[in-house]
Each structure stands twice: as structure tokens, then as C-alpha cells.
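Each chain carries a letter (A, B and C) given by its place in the written order, and its residues are counted from 1.
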Amino acid sequence: QSNVSLYGIVDLGLVSEHGGANGALTKLTSGIGSVSRFGLRGVEDLGGGLSAIFTLESGVKADTGEQDSAGVLFQRQAWMGLRSTTWGTLTLGRQYTPFYKVFSDVADPFATSYAGTARNLFPVSGATTRASNTVKYATPNLRGWSAEAAYTFGEQAGSSTAGRQTGFAAGYEQGPLVVRLGRLDRNSDVAGGAQHDSGSNTILAANYDFKIVKAYAAYERDKGYGVGTLANTSNPYGGVAPTPSTDARELLVGVTMPLGRGSLIASHIDKDDRSGYNQDARQDAIGYVYPLSARTSVYTAYAKIHNKNGAGYTVGNNAEAGSGDSAVNLGLRHTF
Amino acid sequence: QSNVSLYGIVDLGLVSEHGGANGALTKLTSGIGSVSRFGLRGVEDLGGGLSAIFTLESGVKADTGEQDSAGVLFQRQAWMGLRSTTWGTLTLGRQYTPFYKVFSDVADPFATSYAGTARNLFPVSGATTRASNTVKYATPNLRGWSAEAAYTFGEQAGSSTAGRQTGFAAGYEQGPLVVRLGRLDRNSDVAGGAQHDSGSNTILAANYDFKIVKAYAAYERDKGYGVGTLANTSNPYGGVAPTPSTDARELLVGVTMPLGRGSLIASHIDKDDRSGYNQDARQDAIGYVYPLSARTSVYTAYAKIHNKNGAGYTVGNNAEAGSGDSAVNLGLRHTF
Amino acid sequence: QSNVSLYGIVDLGLVSEHGGANGALTKLTSGIGSVSRFGLRGVEDLGGGLSAIFTLESGVKADTGEQDSAGVLFQRQAWMGLRSTTWGTLTLGRQYTPFYKVFSDVADPFATSYAGTARNLFPVSGATTRASNTVKYATPNLRGWSAEAAYTFGEQAGSSTAGRQTGFAAGYEQGPLVVRLGRLDRNSDVAGGAQHDSGSNTILAANYDFKIVKAYAAYERDKGYGVGTLANTSNPYGGVAPTPSTDARELLVGVTMPLGRGSLIASHIDKDDRSGYNQDARQDAIGYVYPLSARTSVYTAYAKIHNKNGAGYTVGNNAEAGSGDSAVNLGLRHTF
């Protein structure tokens, strides 16, 4: 038998976007639900409850064949480490931030997928999602409690602080309840160059499975330099370009609900920009996912954003930033 | 068992090219017969004659390790879809055009391989071969008849026609006979920018297996903007650079013939440039493929082009455009 | 069963470098021991002692997910060929040079790994390690004797010599003794352009396993144009940039020694620059590798270089060139 598993997802569908300055756009898009990908992963039992583990995961655009990031084959994940049933898990490499896992796994009923992805209004991109050169430690689950801490090296000669990033998450999971706090601190200094305030993202999220519905709620605070990157940076609505916020709050409430053989998803998000620009926004989203098998599903989703005071948020999906303030999705997702 | 198959081809050999302005060139080349590649593909039975299918295929240069296209990992194919034994097959993504499949599978006895590839004179490149952002539907085979239709989104905001492409093919296959018509229409407009006539390629091809020989014939018409890209665009013969034709016809006749344990291949192609430049050409080609096993073969081939009135066609192979008007190949091909 | 094996290595650890002009640097690095990689390889039995073989191997940076070389997916190896138990092995493609295999497999007790890699002072980089467009022939092992010869096409139109490279190695291996000679000749001319002297690298290496220790010795001579590329080309110590030598000798002595369940490695290298700059250097290195299983190990290593007369050598590792004259490694290596 082999020491490695080859796995992946192919997700393709139609996206129709409206409301952008350049006009409507209908397109075939990869990764609406889950970014299309392939990966290699392995587990080796070293005895005594200890295992060696690794993952190399590549994101691809299945509509064009492109890599997610030219030259970065395993842009999604590239790490290895040791996992102990007693002592927890230590991993090295390019990994999800503890903050992001709270956001995607606990906060967002859309799990960052489809038109309704909470990424449209929550500032989650780049190293907020995944960080290279990172050492991460996760505790075992202790009676429902667990925590993670991560350290990302700045790797700049002559400075141990410039460019570094730290992350933390902790939470409780028992029966129908999950509650979790995530935090990210980023130092954007350049050794011998620009010095910035550091920026932080903090999220508190919970969900509860009432069986008839599963309810979601999350609150996030983003403060400081570089915390508010816009998903679509090309001024999608024309006129004066929006200003990324350096002081914002986001509030999400949402549900998932079994409906027929499928699952209905809905969320509402309020973004409160506390900078002088006061570029607030809100989003309403609904989606439906219907399984053709355990590995294959069809889906549809719709979301609409209301931008205020020249805010420039767009309805995207898991793979693209979007070009307008509303979008419809219809697609197919297959895992292997 | 796994949900995915890993497959591929490695093809490497020697190419000696003559007749180019810079002199003769002998080199090690990947993909003379079949472009070297690896791919992932899967089929999941969804019940009721319905399956989910996908393919991700990457082209590589096995002489240097390079990707066929930097940044486009799955440049060859990237698609998924649903296949029904009753209703046919619907696929989304980066796919072969219906036109190209007629050209490669029915028209050319060399199957676009070796020095004798019909690509040397038939204008088949870029989106004529494969198109990204494409929805394709193929009928089931109905008493020998089958058809395909494809639609490629232009994906330009504010215009639903700019950059789009449509494809169609239909044919009949019964016993020793295959006959098939293919058509491609391309709109090269840019939304808010350049407006062009649209271009089209139309091919009618047939082959018939007489057992002693299998005979091939094909006729193609290329008309309009952008239909006549040259394989080698760097003016290989010096002097006044040739002009890609916007109105051309190609006629091919060829055979494949069992010879010893191997197979002999020969073709003759006439290219008729009906533009004012009248840059006609003709090609004669011969090849021999000898199997060492079902998966491994050795091959040799030779082709010679006669260019007229400053035409700039070159003898290439499945992977390269070539640098002169004749070339010899000797190589090894292995599938896995 | 499958016709292809998927294999690889993930190697990640911490590196702390000292002595560079920009200050100390601590970082997470991929490939300290073995460059992180994945590959595809296959063997097909063709009968009569003949096999078809191929390898496609991709180097990756598991700390960032990057490819070793953007656009060159199988930068490490990409070749296929035929292997006969009687007649030897003929391979085509991108391959290790016969010279390099002597260097890495016979000469260096660190096997080019960790801080102590002999690459820090021996000029081994680019086409000295691997050459594209190469035909290689290896004899079978004849009573302990074996040899390899390689020819790399320059692939420049109008010249059969410009850019070509030839390689050769021969040796004897019996019981505890391995002794081997390697040679590389490179023509750096450009067809119709710059004409250079040709450069050569010659190495004589041996090791002998006394059981208590395994002893290593090697002597190399590098002479001519382009033989002395520096690993770190960005003038790591500031001031007047060092000059790559065109006439140098290197002498290595080293040992590996079982210690506990692990293995201790040590080496001393003297570099003698015979050019007018006389930029000599010497390196002392020590390392320890401890296996957690047959496939997984932890390691630590330290090396220190003494540069003379403005020499600019740096302590790197298998994947990186390094930024200073000493470095410590601590990492984890897993094969699959």
C-alpha cells in the first residue's frame, strides 16, 4: 500500500454578477463552493500515540487550468509535523491561521462558499487565511476545550520582529454547541524600512445545532494597519475609490436548515466601518445545496450587498472577488 | 480503493531540423508523438445511468522539466461534468473544441503527432484546440450518429458576445467508416475596444479501414479574423515575414498501414492561401511506429514542406513548431 | 494495480544564520536535509531483461508552497529510457550529471544535506547538478566496475557545439570500498555570439566503511569559464564583491559514525582558489540524524566557514545558499 493519499475537489459553475460599473458579467467559474484543488497527504504511525503527518495542497482554476498562484504550486497548504494523542500537534510550513479556522469552520454558515461567503464583508485574505513560514501548536481536545497558537517568522535579516505574525484560537465544543475565539496579530514593518502600527483581527463565533436549524453568530473586530484589504481592489463601482478600513466591526447571523434531501443556508452580515469614511455595508444571502451522492452535489446561491458612503464591497464566492453588488451561482462540486 | 486515477505519457526523442534561416538544429525534444503529460481523472457512478466525471491534465516538457505553460498547471484539460447513458454528457471547464476532435481523431493519420502532424499546415493552435470557460454537450451515440456543441464564455463585463466562441461537430461512425464535420466560430471583439469580423474554421473529414490500409481524407476552410496563426511566428526563413492567411483551404489525403509488428503512416497536404499573398504550401510526410509493448513504442518520422510566395510554414511535431522546412524524428513513447 | 508510483519527501526545520552583513536571520526552511519534493516514477517490464523506465520529479518549498523553479514543474528530474540487464541503461531528458552523482553519492558524508553540505565550498549548481536535453548511458555493474557517459545538446541553430556539455564517471565498488572519478566539460559559447574557453570540473572521491566509522575523502579541480559560481551571489558580507574562481581545488575529508540509534556526521573542507584573488576558504561541520522510523527522522547540524582575502562563501543547506558564515539547523524529514 501507498504512503500517500491523492485527494481533491473539482467545483465548476455559472456566476452572473450585476451592479458593477463595467456592466453585468456572466461567466464560468471554478471554486464557487470549494476552491478546486488536488493534494497529497500522509500519516505515518510512529508508535506510542505519535504520528508523522503532512499535507501538500494545490489550488487550481478548473475553468482555465491555471494554478491559483503562478509559481506557488502548493499555495493552499504545505506543512508537516508530529501529532501526539497526549501532547497535541506541532506543525511547520504554510498553514491556515488559527483565526481563519474560527472564521471558516465556526462563524460562517456558508463556510466561505458560494455567493453568500462571509469573505465578501469580513476582511479575510492573504496571510489572514494562510501564513507561510509558520510553526503551529494545537492542544488535544480536553473535555471539549481546545486551543491553537501559531508563530510566523518574518524572515528578515537583522530583525526578529519585522513581518512576523502571531495567531491564537481557543474554544469549547460539546454536543450541539461550538464556541470559539480567534485572534491574529500582524507586524507589517520592513527591516530597515517602513515602520507601521501592528494590526489585529479578533473574532468570537458560535453555532448551535437545534436540529431543525443550526444557528450561527459571529462578531469580529479589525484594527490597525493592513487589516482591511478589499476583496476587489480595482474600484468596481467607479468614481472615488473606496478606502480599506483600519477600524471595523462585522456582525454575522445565519442558519443552515435541512430542506428535502438538501440543505438551505442563509446569512445576514453588517459591516461597521469606524474610520472617518464610515463606509458601512450589509449583505443578505441565501443558498441551497443538493447532494447527488456523498461526493457530488449541485448548488445554487444568491447574495446582495448594500454599500454606504462609497463602500466598494462586491459579491464574490470562494474563489473570486466578484464585480458587482449581487450575484447568482449555479454549479456542481465533486470531491475525490 | 481510490476515487482518482493518475495517468500520463512520457515521450522523448531526437529531432533534426533543416532549412531554417539560422541553420540546422539537432535537439532532444519532449512530446514529438504525444505531448508528455500527467493527469488526474475520476468517474463516480451516481446511479440510474448517471456518472460524475472529471479530468485535470498537465502538459510537461520532459526534456527540461518545464510546464507547457508557466502558471497554467492543467493547461491541457480541466473539466468536470455529468454523463448520462440516456441523455448524453454535459461538461464544464477547459476542454477540447468539437472542431479539434474532428481534426485530430478523424482527419489526420498522424493524429497530430511526429514530423508529419497536419498542424504544420492546418491552422490549429490556442483556443482552436482547447477553450477555457466552456460548456460542452455531447449526445449519446444513436445508431452511429453523434454530435457535440460547445459554448465558450467571453467573460467580458458589459458584453455577452465579445470574446465568445461556439463549436459544433456531428458525424457518423459504423464499422470501418468514420465521417465527421466540425465547425468553430470565434468572436475576437474586445468589450469597449477593437471590433473584428468573426472568424470560422470548418472541417469535413473521413477515414475508412480497408484492413490492408486505412485511408484518410479531410478538407478544411478557414475564413476571417485570426483564423490563420502561424505555428512558428518568428519568421523562420528570414526576409519579409509571412502573413497569416485570413482565407485558406487545406486538403489532406493519407494512410496508415500495418507493416511488420508496427504501423506505417503517410500523408500529403495541400494548403491554398486565397488571400492576396497567395502563400501556398504543401507537405509530404512518412512515419513508422513500432510497439515494444502495449504501453511503450519507438518511432521515426520525416516530413518536408514546400513553401510558395514567401509562405513560412515549418515542420514541427506534436509539441514544437519547428525551425525549418524538413525534419527527422527518432524517439520513444511510454504511457502510464 | 497502477503503472506509476507517487513518492516524495517533506523536510522542514529551523535555520539560524550568523555572520552576514545584514545581521542574523532565523527562519523556517524547507529542504535542509533533502529538498522537499514529489515525483512520479514507473517501470514496465518489456521482457528479455529490458524495461522501460521514467521519472518526473518536482521540487517544492514546503515552507511557502512555492515550486523550486516557477514554470519548471519537474525541475529536479524529467526523463525516460530503456534499461537492459545485459546492455545497460539509456535515458533521455533532464537528469543528474555523472559528475554530480560522484559528488553527492560518494564524496560528501553529508550527501549535500544540512549546514555541512559540501556545496557550500564545492562549486555545484545549475547544470553542474542537472542538465536538460541530455542523453545518458550507464553500463551494467561488471564485477564492481561501472561507468556513465552523458551528452547534453546545446540546441542552438547553426552550431552543434555552442552550449553543449559532456559528462563522464567511472568507478569501482566492492564490499566496504567505493571509489569513483567524475568529469564535466561545458561549452559556454553562444551560436553567433560570445565565445569562451570551455570549463571543466573533475572529482575523485572514495569512501570506506570501517563499521565503527565510515571515512570519506574527495579532491576536485575546477578550471575554466563558468566553473566557480558562488552559491550566494548577492555579496553577503558587503564591501568588494567576491570573484567566482576560474581555477580552484577543493579537498574534503569526513566521517559518518553510528551513535546511539542515530548517526553522527562530520567533515572538513579546504578550498584553494588559484586565481589571482586567492579567495580561499575552509569549512568545518558536524551533524546528527536521529530516526523516528525508517521514513521519518529528526536532525541537527552546525557549520562554520572561514573566508580569506574577501572570499564570499556562506553556510547554506540542501535547499538554500545561506546568508552568513555559520548556521545551525534543527528539523524534521519525512519520506513517502
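One rule holds in what follows: contacts are C-beta pairs under 8 Å (C-beta built on N, C-alpha and C of every residue); 3 or more make two chains touch, one makes a residue touch a chain.
The model shown is predicted, which means the values in this text are computed figures rather than measured ones.
Peer 1: Fitting on CA atoms only, what is the rotation between the copies subunit A and subunit C? Please report it in degrees, nearest 5.
Peer 2: Rotation angle, to the nearest 5: 120 degrees.
Peer 1: Are the two sides of the subunit A and subunit B contact the same residues or different ones, given that same means over half of the numbers occur on both copies?
Peer 2: different
Peer 1: Counting in whole Å, what is the centre-to-centre distance of subunit A and subunit B, each centre being its mean C-alpha position?
Peer 2: From the centre of subunit A to the centre of subunit B is 40 Å.
Peer 1: For subunit A, write out the residues touching at least two other chains, lowest number first.
Peer 2: Each of 6, 70-71, 73 in subunit A touches at least two other chains.
Peer 1: Can you list the residues on subunit C that touch subunit A in the complex?
Peer 2: By the definition above, subunit C touches subunit A via 5-8, 10-13, 20, 22-28, 30, 36, 38, 58, 60-67, 70-71, 73, 292-293, 295-296, 323, 332, 334-336.
Peer 1: If we count contacts the way the header does, which residues on subunit C are in touch with subunit B in the complex?
Peer 2: Answer in residue numbers: 2-4, 6, 40, 42, 44, 46-47, 50, 52, 54, 56, 70-82, 92-94, 132-135, 153, 155-160, 191.
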